[in-house]
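Right after this note come the structures.
Next come two complexes, and both contain chain A; in the first it sits with chain B, in the second with chain C.
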Partner chain A sequence: MSEQFYTKQLPNGLTLLGQRMEQVSSASMALLVPAGSAYDPPGTEGAAAVAAEWCVRGAGPYDTRQLNDALDALGCQHDENAQSEHISFSTAQLGRNLEKVLEILSEVIRHPHLDERGFLPARGLILQDLASLEDEPARKCNVLLRERFYPMPLGRCVYGKVESLASMQCDDVRRCVRRTFTPSQSILAVAGNIDWNAFCDAAERAFASWPSQTVEAPQPQPAEGGVLHVAKDSAQVHIALACPSVTLSDPRYYAARMAVTVLSGGGGSRLFTEVREKRGLVYHVSTRYHSLKDHAGLFTYAASVPAKARETLQVTVGELRRLSEGIEDSEMARARTQLKSALIMQGESTSARASSLASDWYHLGRLRSLKELSDAIDAVTVDDILAYLRDCPPRDFTFLFIGPEAPDVSGL
Partner chain B sequence: MEFKQTTLDNGLTVIGEVNPAAASMAAGFFVRTGSRDETPEEAGVSHFLEHMMFKGTARRSAFDVNRDFDEMGASYNAFTSEENTVYYAAVLPEYQDGVVDLLGDMLRPALRQEDFDVEKNVILDEIARYEDTPSYRVYEKAMAQFFAGHPLANSVLGTSESISALRREQMLDYFNRRYSPTNVTVVGVGHFDFDQFVAKVARMCSHWQPYDAPRDVRPAPGRRARNVVTDPKVLREHIVLMSPAPPGQDRARYAAQLVGAVVGDSTGSRLFYALIDPAIADEAHMSYDLLDGSGAFITFLSTDAERSSEAIEIAQAEMKKFQDDGPTEAELQAAKNKIASGSTLKGELPMGRLTAVGFDWVYRKEYVPLGEQIDTLFAVSGEDVWNVARQYDLTASAMLALGPVEKL
Partner chain C sequence: MSEQFYTKQLPNGLTLLGQRMEQVSSASMALLVPAGSAYDPPGTEGAAAVAAEWCVRGAGPYDTRQLNDALDALGCQHDENAQSEHISFSTAQLGRNLEKVLEILSEVIRHPHLDERGFLPARGLILQDLASLEDEPARKCNVLLRERFYPMPLGRCVYGKVESLASMQCDDVRRCVRRTFTPSQSILAVAGNIDWNAFCDAAERAFASWPSQTVEAPQPQPAEGGVLHVAKDSAQVHIALACPSVTLSDPRYYAARMAVTVLSGGGGSRLFTEVREKRGLVYHVSTRYHSLKDHAGLFTYAASVPAKARETLQVTVGELRRLSEGIEDSEMARARTQLKSALIMQGESTSARASSLASDWYHLGRLRSLKELSDAIDAVTVDDILAYLRDCPPRDFTFLFIGPEAPDVSGL
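Up next, the complex of A and B:
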């Protein structure tokens, strides 16, 4: 079954993407605005995260409460959060409420009040998010790893720093919003039970007069890399490491995804088998692929009790390296089936589809069909993966440890 | 959408919600057992046994089990709670036989000693992981406090001591007490052939010998205790409030769900406006936890240490206000709309539908189509919702706090 995709660009540059899905009654939206934390000016780290909170505290004709109540009354599940390159606004609702939600969403984007009353609580919540990381060492470990692995400021912790948040003023955030909330680099995707023409009409009404401007991309500095141990009196040692990979737009992307699936795709994958099933070293071990526009990496995370941290790290890195020694046909067949099944199953979810459309457009400037993805996965050979591993060998890791002690990384 | 049901001669029930329009199917084995069915000496065995089911059978090694799931491209896992242990997988329709073959085989595990010894380390690591997760610790402690003296107080994970001391023979004994076919429901949802599904389940499970697997379902007391667990290693204050709620079998569960949504949904609720909006807490939500013969309203708060007592007072004041005045019509409508669209979104995925259909059967031996459930929800009046709050006394909450604070 081929998908029903639609694309349209408004004169001010806003890209509209759509997929009509039969058999569902919901419709989900994903709106990406080029206002991510990487655009936070030095000294105001965390501004994008505060902006995402602040925007929904009154907009257009609605005060905070009216805005929330209006979305609630439409049965809309919504989420606003800052990522590295974008602020992402996502909503899920019944298809028949889509255009009403879009109207409210456009007020949030175009006419947020950003009044003083809302600022302190918005900033206060981000300060609390930052503090909450201390009680979630697994998450903190991965946040800090990303910060050191990607070129600054691309991987920066979206919540900023205690000092930057403490000194942040209303006008700092307002300036960020004025500078970065622009249609020309924004993407609005919708998937589900939609009438594309009606959606486009509603989007034009809401966004056609949104003035365009260009946001300058941040100039990344070299990544910090290296080894960092954050001492903490925790029950586990949290182990995270990353090495460079190819971006989503690279021809070797599918080889990278297959490599990760062989390594960590399911219960029969190498990491799970060797680290958990055979040796009982950990409850959790996994490797994930992650891509920004121009940088990508393989991120591995494991946690073990302190006495087993060194062995966990050694076996894990050993498996990353052993991929280069070859992959069996049966492993390839499993990885293909897993990736393709996952695609079909994600294809049933309107919110997963909306965010995939937006992501495809951001990374590739076009939409990939299920068939294209499936064919590309089928086409990957063992030699393709080995060639990828020669280009992006799993070495020169950035390491991050949280726990009472750090395992020795010499020789890794 | 078509509902089907049958029971094998040995008492194993098979149900299905067939949806030919779906792209995938999901299958689950729902076992009516969990930590509430354990003796103190075997604390944590339900969850440990759930892990052991993935370690192989008479004809499959542990690796075979994992590999067979991966070969089907399955999205699969299992979970254990106080009263349910569920094994599930979502696959493309062509694998419906394969997934039943595998899950059915797994549920008669080999329980090999060497696998038991290795997996014990994994469980101990999982316990260590939760020790580093205050939001889980506070939940476990709050359950233990609220249900003290009742089996619902039992910890799902057990402790490192109870797991270290656990022997394979004890696990086998537990298995032989709880995994009777009469205590298992096999559920299929999505795009699949029900008759073929039943035939495959029968081939895999007909030889399972039935026996009684009783459960102590006396009502839980719901104690109004108030305790502070001080742990200077935790940065923020994690707080749970609990009060009694209708049991999972009661029709008042719809009204109870609405109480949870009006008072404590993550957006637009009373707690949201009183605590999140002014940034007194970064987490404040209440929900209705439906249990077998019992129920509870559970509220989670996370705050800076210095604002924790203020946050608790505000949350309790909101509950009292709700109990005194009931919901407004606008709040009630919004809550209904949110629950309805949430269930609709979840119901569009076979995996989302699996637990809904499965638990309706496990708790009430009934199948209710999603549309009918939404109609029932919309028929609940403000008076019904208010009555649940008054009848179960929302203000009679127990409190447990975990974090740096010494006294609250």
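Up next, the complex of A and C:
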């Protein structure tokens, strides 16, 4: 897969990013707007999530129905959702329809109606999503873990709370949209079957007159951390834990990714072997790396029947710790191959590429080529990983348990 | 995306299918073996699922660890799982490693150790998966619906039952594997960066001496149908319903797919508009088409808070019924564009293509080109859909509810 990158910044600050991919027909867009749930004012938690729903209920010349019809008629698959730091708008369509979809997307961003009729259904959906969390303890466990692990409000549950949603008024959300929908910190990435010049022309037509303003970053409070057990009469104990890591822009990032891959990448990884294959303790166990702009962590999740929860937790934490005792060359070779193969395979998906471009720009202010990533992975040594683990030792975990009982964490 | 298809049958009956995709580096395989859970003998329900886990715990010259290491070292992402009619083995890797992965896969299929040491962990994992269903009511709802909608044992829960797993012995599963792992009804599909001749040579080396036998198809019993309410203190009422449709090989298949797309494809679809956008009743609502070899259905799922369950169910069934009253040209145009765009986008993924090749061959005994699919979608008229709905009217539903209470189904 050849890599042809393009970047351009409009005078109002909007960053345009592109990658042309040969031999595909599709093109995917990823637009990040600095309007994530971390920007929700106190008392209106969930506003960003409501905004993401509400924006597509009529915009510019389209009412709700016309907007959906227009996107459907272009064969566009789209998704709008609030994350911690951004609202993300993503679309996938054939390359030949890209500019038309972009035009509609710009109406959603710049001229959403946000009329009263659409507000209650939009808020109702977020309330539904909050309720659905109760029936998905695995997802809830990870949402609550993030909330306690990251400094508030960065890890906040994007759906807010029942009380904040119930008291939320139209104007609360309108104020958020006015304040945070701004080009200067927004990133629009496109990948696939694109004509970069035509795309830039369309983006300028759509966005050049979008007035810029600065969004003040939220001031994070110290993370809560500690241990939380949410009692629930569930069949399994859901076990989640997190420890701090380095951010995506840190030079030690690749060492962190290699450590996670040795631990949890593939069927021969340590966690899989020790927890799943040898002991049959759990069906799912994994450690994942996650990074915000200024904070990052290693997030581990497993679910086991209550009788095996303590053993599952002990073996899992034991494997996290054991990384510091050394890593074999064969493990390094496997981890390298896995990371690089996964990169190449993800590189074949236009939507994965559009997301990666936007993410690179947000975290690094530049784009990374496949070769740069591959070389950086090859360059990581065992000593690099051990040094990373000395800087970010797997301890001082934030623990989150959902289930009839919580395993004992003493000594962990 | 160009389409170069290849087919070949080995003398023992194994079917090889291939599609070369230009400009990708990856290649994906999908191997279907006629060993699905429908073939589990009475009393050993879940044997196929255990077999899928157990087969990768040592095979040919590899012990469990070596097998996982070898696949990891090739950057191979793999998945083994029991479905109704098949055990599916799927792998994704770079094209240059394809033949090496195939060699390992053939050991898993032909020479799995199935030793006692691996049995308990494999069975334990399936027990865990069965337990995890209790904590995922949405998934459980759809599993139970399929169980009651399809003739037994075709829709059976692949994980079996706690009792059948608890009493299951090594030899029960070994017998299943000996009986059902056979080339004559197996299909091996590959898509991506492939050299077809090299692939065929490797497949012949690996599989030519695999002895053939015939697997007797299970004799289905009439479906149970009706209404089942599983009482659970969940936050939402999970609502699932199914009605019969035509199979994938039926000439009316494309009319059925168009009907489902008008109903549930995209943001402008009827269900989305009426249930989600206008009324904000639920976050997720969808109707999906699903086909086994000789039976098929339209499966609808929604989850709502208990107070809105009855309205959600009524509006949803109302929309299913209203299809028969007519479909506008604009809806037809949108549905066509959506189906065709989705086809093209899926066509860019090597793993999606490998699965489609295997599925086409199983259901139709031949491969369909993108052009054939596209032409068939274009050819569907409103009258075709109305005729389909007369043949398969959305009524006589099988209902499945999980939640504190079940909505009244009288009159539906």
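The working rule: the second predicted complex is superposed on the first by the 410 of 412 C-alpha atoms of A that agree within 3 Å, B and C clash if a C-alpha of one lies under 4 Å from a C-alpha of the other, contacts with A are read in each partner's own complex, and residues count from 1 in each chain.
By our rule, a residue touches a chain if its C-beta (ideal position, glycine included) is under 8 Å from a C-beta of that chain, and two chains touch if they have at least 3 such contacts.
Bear in mind the structure is a predicted one, so any value in this text is a computation, not a measurement.
On the superposed chain A, the two partners chain B and chain C do not both fit; they clash. In the superposed pair of complexes, A:A379 makes contact with neither chain B nor chain C.
Of the two partner chains placed by the overlay, neither chain B nor chain C lies in contact with A:A208. Shared-chain residue A:A198: touches no atom of chain B or chain C. When both complexes are aligned on chain A by C-alpha atoms, chain A residues 22-26, 57, 64-65, 68-69, 71-78, 92-94, 120-125, 128-129, 131-132, 134-138, 233-236, 238, 265-269, 272-273, 276-284, 303-305, 333-334, 337-338, 340-342, 344-345, 347-350 touch chain B in the first and chain C in the second.
By the touch criterion given at the top, residues 1, 22-26, 56-57, 64-65, 67-69, 71-78, 92-94, 120-125, 128-129, 131-138, 233-236, 238, 265-269, 272-273, 276-284, 303-305, 330, 333-334, 337-338, 340-342, 344-345, 347-350 of chain C touch chain A in their complex. On the chain A side of its complex with chain B, the touching residues are 22-26, 28, 57, 64-65, 68-69, 71-78, 92-94, 97, 120-125, 128-129, 131-132, 134-138, 233-236, 238, 265-269, 272-273, 276-284, 303-305, 308, 333-334, 337-342, 344-345, 347-351. Chain B meets chain A in the complex at residues 21-24, 54, 62-63, 65-67, 69-76, 90-92, 117-126, 128-129, 131-135, 233-236, 238, 265, 267-268, 272-273, 276-279, 281-282, 302-304, 330, 333-335, 337-338, 340-342, 344-345, 348-351.
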